[in-house]
Every structure is written in structure tokens, then in C-alpha cells.
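What follows is a group of structures, each given as C-alpha cells.
Okay, so chain A shows up in both of these, paired with chain B first and chain C after.
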Partner chain A sequence: MDYFLALTVTGLVMGIIYALMALGLTLIFSILKIVNFAHGEFYMLGGYFTYYLVNHFTGLHPLIAVPIAGLGVALIGLFFELGFIRPIHLDKIERPGEYAILVTIGLSFFLMNIGLAIFGPYPHRPPSFFDAPVKLGFISISADRLTAGVLSVLLLLTLLILINKTWLGKALRAVSQDKQAAAIIGINHLRMNTLGFALGTGLAGLAGALLAPSFGVTPDVGAQPSIRSYVIIVLGGMGSIPGSIIGGIIIGLVESLGAGYFPDPSRGLNYKTAFGLIIFALVLLLRPRGLFGRKEL
Partner chain B sequence: MKMRRSIYTLLLIFAMSALLAGCQSTPIVETVVVTQIVNVESEPQTIVITPTSEPQKESDTIVIGGLGPLSAPGNYEAGTEMLQASEMAVREINEAGGILGKQVELIFGDTEGLPERAAAVTERLITQNEVVGLSGEYHSGQGLVEYEIAHNYGIPIVFAEVWADAVTASQYPEVFRIAPTMEYYSTISANYMVEAGWKSMVFIAEDTDYGHLQTEEWTRQLAGHGVTDVQTIFADAATEDFTPILQRIQQKPPDLLGIALTGVGTGRILRQACDLGLAPTAQTAVYAADAQYPEYWENTGACGNYAVFTYVGLPKSLWNERTRAFMENFQETYQHQPGGHAMEAYDAIYVLLNAIEKAGTTEPAAVINALEVLEYEGVLGKIWFEYGSHNALPEGEKAWLWHQWPTPNVFILQYTEENQSVEDAAVVYPPERSTGPVYTSP
Partner chain C sequence: MKITQHLRVPKPWIIGVLALCAALVLPLFIKSYWLHVIIVAYLYAILASSWSFLAGYAGQFSFGHMAFMAIGAYTSGLLGKYIALPPLLDILAGTLAAGLAGFVIGYLVLRFKAAYLALFTIAFSEILRMVLKGETQITDGDHGLKVVKLFGETISRLPYYYTILAVLGVVLVLLFALSSSRIGMFLRAIREDEEAAYARGVDIVHYKILAFVITSMMAGLSGSFYAHYIGLITPSMMVLPQMGLVIAMAIIGGVENLAAAAIGGILIQISLEVLRELGAWRLVFFGALLVVTLRFARNGLLAPLFQHLFAFGPRAEGRKETLVDGD
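For the complex of A and B:
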């Protein structure tokens, strides 16, 4: 029983962090109607920003560096949206769907290779948030991971309040539902697009910054989290915020329990991603729109 | 609606690719997204190192090919150092006047840790760049492809850090190796594990040719010593979270937690095992394959202390003048402490070019003959190839000894202080070279 609970806690903490990253992708899809294939690279940038802020520039405590890293990544996202995504919504692009896919995949290549050129090939890790592991009864969990989990919950709650309770959130939801109707009531959908993209990429950056002390950061560190995020948003229902959160937690739990209980231990870890994908395939078979699939936020 | 359908289709393709990567029994491709990124290029990526003085015409240049991973999913950390070391060797040779009165041009192909890319790059170097010899490579999976191509075209190749026994066991005339073989390396490390008194072991290995060959060899060799409580767990080299499987291992802590993952995986497992209180402890020791990088301590913190690891370079206590000069020059040029694979890449270039000089021509058959009888004093010590067409392999001798440097460096080291450099780590095996006790427990 202790073993089961230990795996459950591990899966839950990871699932919440997965949800944070997937939520960024969901926001971008809901508002801009595009899939950001460079999401993993924004995650990577969040990790590097924290590392350099703490180790090379300011000597800040990593907890303070995290929001700055998130903001920095959001700014890069904002400029990218203004330069490359906005033309889609100004009807300047002949085949906007294909363009969005190509431009974000291109950004993914660019960021990964520029990361290799600037940051080098060696893995880096910012200092821990807190050093000692935390004992929760019989469960020992890394303080870094627990901190990342708790902060992710706080960020998710803040985001839910922002989306549901503020004028800005209502404006974002309005654009996600119908940009022309939103324009009639005075909402500038172009600004909301920029804001939504910056917010989404900022969340990826925050997830990268929060996990950097646990997993380290390399130029290709975003590959696995981005694949996982695509699975989560389809599993939860594309465009659904609750779906992303529940989807993230499900994937976290399934990966942890699957690796822990798979009959052949030599393959338990290797099939970790596959366990999540089996659930993903089953949900798509039984409920093609995902668990909470809707068209708008 | 159409756009939405195409997005779903794309996401499904991504997801299914990941599923397939996780399910293959002996996968070589590690990371789906990265694989797609690098494969988009129509031409293999090559890096050309320009000779120090401009050749007057093309025939005044001797063109050789370098091989190694410079992109994910390959171990691009190691590949980058191998490129730098190869570049350094070529620069030194050119500054000293070149070979046969000609400048040397090195064209380094990025094999990306992917067999299909290794095949394309090797083919291109031979057929389009018309290299007269090849050297380098880090991964066994790629070496196993490259040696066949080199053989098909009759071009000599000196492998720097490819361990798979099959490479020289092929007994192809063109294939030479200065790295240890898997069996040679495993014999030393398995003997050490027995000597340390460990009876139960769990290895977490990367799901590549290296991981499979390594753990199969360890299991076989340890069984020969009567140690049968050996378990292997395979993982994608890009795995981030090992905690669930470590929690599983923690149910019955072994005497040794072995890590056979290259790159960032070593640090991740070590920290996560340490956070759980699994290892390193008085009960469970840690053996980490890739603990020689300077960034090791940054990635592991205090958890990295007491790790035992393998070093295929020369420990400081055994450095010769050339090793000392190489280490100083490398650090001065690249501001980085090189790993053992960099020493191997550097020596492999010198071995190839010395053979060309001795042959007096770049004609492959003559170069191969010169390689067979070459004796070269390098950074790693004296390198020669005991068996080949010049000295037939005795019956009953290991087939991989063909064109194999018979005494490559394999040392077992242990960190005994936090932030200790590789140079200061204790040599714990083999006993005749040891500078510390067999194992220091936390």
C-alpha cells in the first residue's frame, strides 16, 4: 500500500506540472486556432533563462528567477506572434493552416539549434529551490519537485481566476468563441491573440523553469514534454482548460503507476510514454473529442 | 473543420511515433521530435575545417573524414569534444607542414546518433568528398553501419570510441579501432564489481545498441563469477523522470545501482535516487557510466559523491608528455576539460595521418598496410595493432582482436569528495594502477 501511495504521489505531482505546460498549448489553440509545434522549445528556454539568471547574471534565488524566466519566454512568444503569427489573422496568408504548422515547426528547429549554438551541448542545472528531500510520512520526495508541484497548483488557480473572473479573461474567451462577435463589442482580437500566445508560451517557460532544478536542461530537453503536451490536450479535449488539467494528472498517474507495476520491470520505464498513449488511444476511440472536448474555452 | 482534422492527424502522427519509439525491442532512434527535425535536411550536415594555409590547388590537399554525433538524439556533448579534438590534431599537423608536403583538410560529418544518418554521411564523405580515410565515431549503433560502408568502398577507417565487438570481429582489412571493445571493457568492470563484493545489482541502461550490448555482457560476465542477482531496466536516453522505477527498485535495494546511460541521464538518475534515499548509501553503491564531464557536479550536486565510473582516457597519474600537452592545449583552446573520448578522437586522427605519411601515398591498400605495422606514441600511450594480415590472429583468440589496439585504457575511478575533478578522482581498478581503496562507502 505504501508503494502504491508513493507512486501515486509521484504521479500526481508530475501530472500537475504536465498540466501547466499543456495548458499553455490549450490557450494558444483556443484563442489563435493554431498548434504551437515549438512549445517544447519555449519550455527549454524557460530552463536556460533560470539557469543563467541564477548562475551567471544576478545570483538570484531560483524561486525568484522562475517568474522572470517565464516573463522572458512570454516576451519572446509575444514578438514571435507579432512577427509571424499575426499575418494569419490579417488574412495576408493564402493557406493559413499550413503556414501556422510550418512556421511553428520552423521556430522549433531554429530555437533548438540556436540553443545548441549559444548554450552549448552540455547539460546544465540551476541550483535547487531547497536542498533536502521532504519526507511525507513514508514517502520521500525531492524538495525541488514538491516546490514545482505546489507552484504549479498556484499558477493553475491564478490562471483559472484570470480566465473566469476578470475582464481580460472574458475577452480571451470571447475571442476563442467568435472573434467577429468579440470585435462588435469592442474587443481587439489581434491584441488578444498576441496576449494568448505570450501567455501560452510563458506557461511553457514557467514549466521549464520549475523543472530545470529537477531534470536539468539541454537544447533538446523540450522534445518529450512537448509530445506529452500534445497527448494531454487531445486527451482532455482540444481547447478545454479543465480537460488539460485532468488530462495532465491522468497522464502523470498512468505513467507513474504503469512504470511501477508493469509485469516486466526491465520494460516498465521504457513503456512509460506508451502507457499514457494507450489511455489516449482508448479515449479517442470512445470519445473522439476528448474528455472535455469543446470548441471554446 | 478541415484545418481541425489536419491538426488532429498531425498530433496523432506525433503520438504514434512516440508509441512506436517506446515499443521497439532494440530501438536505436531515441527521440521522435528531434529525429524529425534533423531529418528534414536534404543533405547530411558537415563541418569543414579549413587548412591553416590555403592550398594552391585541390590536389595539394589530403582530405580525411571525421565522424561523430553533433545533434540529438546522439550524444552531441561527446561528439562536439571529438570534433574539437580532431580539429586540434589536424591544425597541429598542418602547422607542422602537413603530410607528404600537403595540407590536411578534415570534413566532419554529423552522424546524429542515427544509423541512417551515419550511413548517409559516410557514403557522402567517401563518394562526394572523396576522403582518403575516416576516423572517429562515438556510438556503437552508428559504427556498426559505418564499417560496412568503409569496407564496401575499401576506405580505411580508425574507430575512436565504438565499442561493439562486431566492428573489428568482422576482420575487414579496412577497419581499425583504438577504443576498448565491449567484452574487454566489461571484463574489467565486471571483475571490479566482483572485487568490490557486490552480490545484487540493478542496471538502468539506455535502450540502444550500447545499452543492450553492455548489460548483456555484464550479465554474462558476472554470471561467470557466480553473481546471478542482476537485473536490467531499459530506458529511453531522453527520459526525464526515473522516480517510479527507482521507487520500484527501492522495494528491495540492491548492492549496486548501475547507470549505463550516456549524457544527461546519469545526473538525473543520480539525483532522483539520492532524493529517494536509495543511493549512494552504505547499502547501495552507484556505478555511473558517464560521470566524467565537468558539468557532472552541477547536475548532481552532493548526490554525485561516491559514484564509481569508467574512464577510457588516461588518468593523471599515468599522463605522458603528449597527454599533458593535449590537456593544456584543449582547455586553452576550448575552455573545457575534455573527456577520454576526446583523447581517442585526437589519437585516431594522428594514427590515420601517420599511416598515410608512412605509406607515402593516400592509396588505400598502402595506407592499410602502413596502419597494420604502425607504432604510434600518442596521448593515450603507445598504440599498435597486434593482429591483421601482417600477423595472423591465433586460433582460439578473440576475433575482435583483429586490427584492435590490444591494450586500450579502461580505468575504474571513484569520486571521494564533492566537486572533485576527474584528474583527482581515485583510481580504484585495476589494482596495479590504483591510487585508492577498492571502494569508499558513504
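For the complex of A and C:
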């Protein structure tokens, strides 16, 4: 029973962080109607930025580096959107659907190689937020992961307030529902697109920055988290915000419990993301629109 | 107008035959090491042109092309190791296994929008890599699985060169035949407007699966050959940057032009070798070139050049003009 509870807590903490990253993907999908195939690379950039900041400015606490890294990643997302995504919405691009898939996977290839060229293939790890594992009763969890989880909860709440309670959030939702109608009442959908993309990539960057002290950063570190996010948004329903939060928690729990109860534990860890693929296939077979998705596919 | 059309002497097949002749005599002029580079370049040409058939004709984006290559390679390698199947048979088995995997995945996801295939194949590819890496007792993981060489102990690379050239030739001819057949027409119709094609009675899912299975088999075939050529395979052959490289080759060459995609593959692989001392920055350069090509030259960099020089390959831009001009 203790074992089960310990796995559940770890799964919940990780699930919240996964949700944060998947939420970024969902925001981009619901506002711009594209899947960002470079999402994992923005996660990677968040990790490298934190590492670089802490190493370059001695004495900077890693926790302060996290928001700066997130902001830096969001800026990169912003410039990419302006240069390469905005032309889609100005009708300058033929076959916009195909273009969006290709240009984001191209960006992913480019960023992965930049990471490799600058930092090399070996892992870099920014220093811990706090040392020593935390004991919650009988459950022991690393302070870094717990910090990341708690901060993710706070971030998620802030974001939900932003989206549901502010004018800006209303404008973003309006564009995601009907961009022409939004334009009629004076919302500049191009600006909302840019903002949405920057926000979404910034969330991936924050997730990367938060998890870098726990797992380290390599140029290809984004692959697993991005695949996880793809599974989460398909499970939750493409474009659904509650879907990606609940989907994230489900995937966190499935991975933690699945790996914990796998007959051969060392292999179980290896197959953590593989459970996600099974869920992906099951969703496509049984309920293609996901838990909370709209019906059109 | 009519006169220029008659003056357009060099027909595609003349160029094809000339290119083939050049490829046949090439080994006379280069060292063994460069022969190796060219053999690998031909493998990439198979991957890039088959990927571009799927992307440029059917409008389906698979990010699992390297995974199908790996399925071919590992099926061949494992069958050779455990039941000592002769190379030719296990290459056949590897090709079929890749086709089967393509069928299952295609059946599952090709009913949905294009993004689903991309999402699913990228996940499938990474997870298959984890499995091959993790199951060390069976696959030897990152140490690599030893595979018997196709031509035994001979050190000469010539037989491999001519074999892969033949495979590349067959693949290209097959893809050309497909693209100009009824099937190619249906695929184009699907790409242009899925709903309209469906309304005209094209069984869209059926043809998308067909294209996916055929191109996956080509990737599997190249993987099986690669295994028997190098003699050692590791899961790192299917990392995402490898997939990105093949995409870059196809797009920079010209995704709607099979020959341009193949030549893009060959040229990029050779330039990677020439620029070796630049290390990882080479791929940064090709990554940037890929993104910029997509944005500013959707037909690729080589395809428009070929069309200009030889009036070669299908002209995506030209079609509209003929319709308007009438004649």
C-alpha cells in the first residue's frame, strides 16, 4: 500500500509538470490551429538557458533563472511566429496545413542541432533548487521534483485565471473559437496568434527549466517530453484546456504506476513512454476526439 | 509557345539514361572511401525519394521513415542471427515486415487528418528506438547487432555499389510509374482536396494506406540492405535528427519532384562528408536551409533548377498556366 501511495504521489507531481507542457501545445493548437512539432526543443532550450544563466552569473539562485529562461524561450517563439507562422495567416502560404507541420519539424531539427553544436552531446545539469529529499510521512520525493510540481500548480492556476478571467484571455478564447467574429469586434487575431505562440512555447521552456535540475539537459532531451505532450493532447482532446490538464495527470499516473508494477522494474523505467503509445492507439481506436475534444477531426 | 515545346529536346528519359551511365562508370574514377560515401548517399536517396512520394504526392507526413528503415534492418539482422536465414531471404522479410508495420499504423491513423500520422509516427519511432535499445539480450542494444555481409568476406565495395544503384534505379522507376498511374492521380486528388476526391468516389483511406505501405517497404528495403552492407546496426540509426536529415534532403531537393528529392539526398550526403571538419554546424546549416526553403521556395531548390534546365519532372506551377492559356 505504501508503495502504491508513493508511486501515486510521484505520478501526480510529474503529471502536473507534463500538464504544464501539454497546455502550451494546446494553447498553440486551439489559437493557431497548428501542432507545434518543435515543442520538445523549446523544452530543451528552457533547460539550457537555466544552465547557462546559473553558470554565467555566479550566485544567481536557480529558481530565479527559471522565469528568465521561460521568458527567453517565449521570445524565441515570438520571433519564430512572426517570421514563419504569421505568413500562413496572411494567406501567403500554399497548403498551410502541410507547411505548418513541415516548418515546425524543420525548426525542431534546426534547434536540436544548434544545441548539439553549442553544448555537445553530453548532459549538462544546472544545480539543484534545494538539496536533500523531502519526507512526506513515509513518502520520500526529491526536493527538486517537488519544487517543480508545486511551481507548476501555481503556474497552471495563474494561467487558468489569465485565460478565464481577464480581457486578454477572453480575446484569446474568442480567436480560438472564430477568428472572423473576433476581428469584427476589434480583436487583432494576428497579435493574438503571436501572443498565443509565445505563451505556448514559453510554457514548454518553463517545464524544461523546472525539470533540468532533476534530469539534466542534452540536445535530444526534448523528444520524450514532446511525445508525452502529443499523447496528452490527443487523449484530452485536441485544443481542450481541461483535457490537457487531466490528460497530463492521467499520463503521469500511468507512467509511474506502470513502471512501478512492471514485472521487471529496470525495464519498466525504459518503457515509461511506451505506455503512452498504447494509450494513443487506444484513443484513436475507441474515442478519436479524446476525452473533452470537439467532434470535428 | 508551340515552337519552344518542340525545341525542348532533352526528354526526361534521356537525362535518366545519361545519369545512369555516369553512375555506372563512376567507380572507375574515385577511391574506395568515396565509393562508401556514395553508397550511403544512394541509400539516403532511396529514403528521401520515397518519403517525398508520400509527402509530395499523397500529402501525408510520416516522421517514422527511419523507424521503418530500422524495422527492415533489425528484421534482417535478427532473422540472420537466430535462424540463419540467407541474406536475400531476410532482406525480403525485412521489407515485408516494414510494409506490415506500415499497414497496421496506416490502418489506425490514416482515417484522420494529416497531423495525426505525423504525431503517431514520431511517437512510434522514438518508442521503437527505446525498445530496441532496451532489449539488450535480443538486440545487443547500443553495442550494435552484428549482421553478416551481403557479399561475404570481400573487401571490395564495388558489388555493394552496383547493387544499391540497381535498387535505387528500381525504386525510382517504380515511384515514377506510380506517380503517373491512376493511383498517382488519385493520390494527387486526395492531396489537393480530400473531401472533393471522396465525393468523386475515390476510396481515400485505401489509397493513402497503399502509398504509406509502399513507401514504408522502400524504407525497410534500404534498411535491410544497409544492415548487410555495414554489418553492424544500432538503434541510433533512427534518432529524430536522422529523420530530420531525410526531410531536409527531400524538401531542399524538391518534395514534389522525386528525382530532385533523390539528387538532394545524394548532394547533401556528399556535402556533409566534404564539410566534415565543421562538425555539428553542418547540420545547423542544413536545418536553417530547410526552414528557409520551406518559407521562400516551397518547390525546393533543385526542382525549379531542373525544370528550368531540362523541363524535367512534373511542373506544379506550370499546370495552372496551361489551364488558363488554353492553347
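Criterion: the second predicted complex is superposed on the first by the 284 of 297 C-alpha atoms of A that agree within 3 Å, B and C clash if a C-alpha of one lies under 4 Å from a C-alpha of the other, contacts with A are read in each partner's own complex, and residues count from 1 in each chain.
One rule holds in what follows: a residue touches a chain if its C-beta (ideal position, glycine included) is under 8 Å from a C-beta of that chain, and two chains touch if they have at least 3 such contacts.
If you're wondering where the values come from, they're calculated on a predicted model, not measured in any experiment.
With chain A as the common reference, the superposed partners chain B and chain C clash. By the document's definition of touching, both partners, chain B and chain C, reach A:Met112.
Once chain A of one complex is fitted onto chain A of the other, the partner contacts of A:Tyr271 extend to both chain B and chain C.
Of the two partner chains placed by the overlay, neither chain B nor chain C lies in contact with A:Lys170.
In the superposition on chain A, contact of A:Thr218 is made with chain B only, not with chain C. In the superposition on chain A, A:Ile141 contacts chain B only, with no contact to chain C.
Contacts of A:Arg125 after superposition on the shared chain: chain B is touched, whereas chain C is not.
With both structures placed on the common chain, the touch criterion links A:Tyr230 to chain B and to chain C. In the superposed three-chain model, the partner touching more residues of chain A is B, compared with the other of chain B and chain C. Once the two complexes are laid over each other on the shared chain, residue contacts for A:Ala259 go to chain B alone; chain C is not touched. When the shared chain is aligned, chain C comes close enough to touch A:Tyr99, but chain B does not.
Clashing C-alpha atoms with chain C appear in a single stretch of chain B, chosen from 99-107, 189-197 or 207-215: 207-215.
In the superposition on chain A, chain A positions 35, 97, 101, 108-109, 112, 116, 220, 223-224, 227, 230-231, 234, 267, 270-271, 273-274, 277, 280 are in contact with chain B in one complex as well as with chain C in the other. Against chain A, in their complex, chain B makes its touches with residues 2-4, 6-8, 10-12, 14-16, 18-19, 21-23, 31-34, 37, 40, 71-73, 76-77, 79-80, 204, 207, 231-236, 238-245, 247-248, 251, 263-264, 267-268, 271-272, 275-277, 293-295, 298-299, 301.
Across the complex, chain A meets chain B through its residues 3, 6-7, 10-11, 14, 33, 35, 40, 96-97, 101, 108-109, 112, 116, 120-125, 128, 131, 133, 140-142, 145, 211, 214-216, 218-221, 223-227, 230-231, 234, 238, 255-260, 265-274, 277, 280.
Against chain C, in their complex, chain A makes its touches with residues 35, 37, 83-84, 87, 93-95, 97-99, 101-103, 105-114, 116-117, 220, 223-224, 227, 230-231, 234, 267, 270-271, 273-274, 276-277, 280-281, 284-285, 288, 297. Taken together, the chain C residues at the contact with chain A in this complex read 55, 59, 61, 63, 108-109, 111-116, 118-120, 122-124, 126-127, 130-131, 133-134, 239-241, 244-245, 247-248, 251, 279-281, 283-284, 287-288, 290-291, 294-295, 298.
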